[in-house]
């Protein structure tokens, strides 16, 4: 039997959310059974962090969690340098989460010093990409979706080609928008707002700031915790997979004279407004009222 | 229509019916104008006209869509120009007044037929459905202006009402022969007023 | 003699510096160094953005940050903008999801931290996959959480006035079936007896009924002297008021009121973590504190016999998991879904106020303070439970002093359920 690929998970500047998100995967141990787990921050592994820091281990698949900060050290070891050490020998480098991919939230504390591994927000870090471009897989999300990571790992094991987009994101996961599959789509079609928070009915795109229609990701195709998603429970999508996450004023839609500033991905504003004008003209009784009548 | 090919004979005929009906409705009123009147003006049989439009109500709705499209296309040309919002306002005022002068029936139709006979338009022209060609371009104009920082971000209808209510009001006054001066002589002041009200 | 130790897998890392004199630990310096500047990041943002930013303090207790954060906004709105109350439904849903997060946390701590580390300290070789048990509970209980909150980690479903979700009975039943799965796991694997039978135990003398992993861990701790090891200040503090916690402070078992205005935060040299005291004294926060302050009979009995030792501390955490499961199940049984989910207009302007929010996180009281000016966050302060317990000289350090082995001391340290990322937000 062929040797199992070595899986090494290294944390840089992070909240640990990606580790916990991945650990929550219901098929975690079947997935891990395909690999030799060198280090993962939550569970007992054969090697200690000390071993990883002293470069005593090897990596075939390197998973990076957290933003890259120039001068971050652990146990006296520069983490950026350590990541490059292992990246050089790895067949695949996966940036797990938005921090590792684009810089994420923590970048805002020291924008000049903190960035993603191969991207600084939407900008390519050419020196890094020239070295690793063909081995790099970006899996943004704050946190990473456990299943997305697991399917990519399984594709690697099963030698499937993983078609990537211009930011090295798997197209099969990020070619869709968070809007795809949202249970509130009917309300989006007919332009019916949810009117505040706490309703089963209505769409959050018009007032509550939902970024689903222009955010790359499969949150409503492959549900969170196998059960739900933000938009399902009436929380707006905050665009957490995007290079510019987090934007400002996340609970309100930015508008120009009542017209949403950002359009659904790839839709010209003129086309959107034409369709909206038509849809809004109709009062659809079924969609204007509560879905369920608990008095009956 | 802005299609990239020559209109077919049938499409040309349809458009000429719309134009003729538009003139008659505007001149004599919606109720006083009959389908035979329109057919007569076009030298066509009533039966043939019904092949194009099944009822007077449907014809009335198609006319408002048609005028909205024509006006929308004119504003679109302004929107696509690389000029400031201030200049765009003036161009929109100009083209609105030009249309009021050259094709008064279009504006008249909007004011005297569309707005005055809502019962005809309620079914099929709900909300802004039949004027979306025009409204969409006004939205694009507002959106571009706010995006560039030239116009103040505010509620759509407070801006829309100010802009279009103002122009419609002036054309109405002109139609009632109340205005002492020519419409064109008001363009500079009106443009300035609208800009001052909308600017950031 | 100074011995340095890098402690890993504690939601990040910490460096402990043990000062040994005559073979005994006289002092421990605790250093965290993963500063991320969350409080700075929040400045000048819209008030509600804190509901998205603050959960990102911590991957394991993100939900507690959300609840504390929304509490701070609501406190400020109530004091300075508009009087309002959230519905019982909204409050129950929040408490349910928070309880789920605590269960997730406690069980991970038991199986990912306590079992493997105790085995290591005691040189016990085992090939059991404890992580599988932790994963099962964490996965199942966060499914129940996500039905209301959309996802875990990093939900932002609690907003001023209530919650964004509006669950159906079908969804409540779905959540209930997950909670019942976890209860079944608890009865079969952790407790070895029925949940209600366990919660009816009032005295240490009746703990011999326990079987399962809980019995095993208590036996191993007891046999190896952890009933005497790890004693600390014996002062406890709780600020959160919920179905699973009551506010107050306790010295040993004498309980009295506690007021947030006496909480002080101060800088520590050489560490990014700030220390916290109440009226100039260190207090311990967490499940043991909650049990003592709420005068839970079995916790009092445990404390009477074993004081605030490592054994008592571990017991309190697992006991609380069982209690949380019971509370979570009761909330679902009685949830009034016909009430409003959110009672505050989402467009209400948040211009100027100060507010304080509290949540009982897994590790103890979490406090958020927000100051809003000109519609923006002027200042934001987060006091995490780990700051109560793990500052230099605080409860955990005190618990390690007097021990003779840095390995035992590190284990005692970990029984506090250390969260490095929270400490250094």
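Structural remarks
For clarity, chains are labelled A, B and C in written order, and residue numbers in each chain start from 1.
Going forward, a residue touches a chain if its C-beta (ideal position, glycine included) is under 8 Å from a C-beta of that chain, and two chains touch if they have at least 3 such contacts.
None of the values given here were measured: they were computed from a predicted structure.
With respect to subunit B, maximal separation of chain centres occurs for C (centres as means of Cα atoms). The count of contacting C-beta pairs peaks for the chain pair A-C. When every chain is represented by the mean of its C-alpha atoms, the one lying closest to the mean of all protein C-alpha atoms is A. Chain centres here are Cα means. That of subunit A falls 47 Å from that of subunit B. If each chain is reduced to the centroid of its CA atoms, subunit B and subunit C end up 65 Å from each other. One inter-chain figure worth recording: subunit A and subunit C are separated by 27 Å, centre to centre, where each centre is the mean of the chain's CA atoms. Contacts from subunit B toward subunit A in the complex involve residues 76, 125-129, 132-133, 135-137, 139-140, 142-143, 145-147, 151, 153-157, 159.
Taken together, the subunit A residues at the contact with subunit C in this complex read 11, 13-21, 23-26, 28-29, 41-44, 48-50, 72-75, 105-106, 108-110, 142-143, 196-200, 207-208, 224-235, 238, 240, 246, 248-252, 292, 294. Looking at the complex, you find that subunit C touches subunit A at residues 6, 8-9, 11-13, 15, 33-34, 36-38, 40-41, 45-46, 48-49, 51-53, 56-60, 62, 90, 108, 112, 116, 129-132, 134-135, 138-139, 142-143, 145-157, 159, 161-166, 168, 174, 337-338, 340-342, 345-347, 421.
For subunit A in complex with subunit B, the residues that touch the partner chain are 255-259, 261, 269-270, 273-274, 277-278, 280-283.
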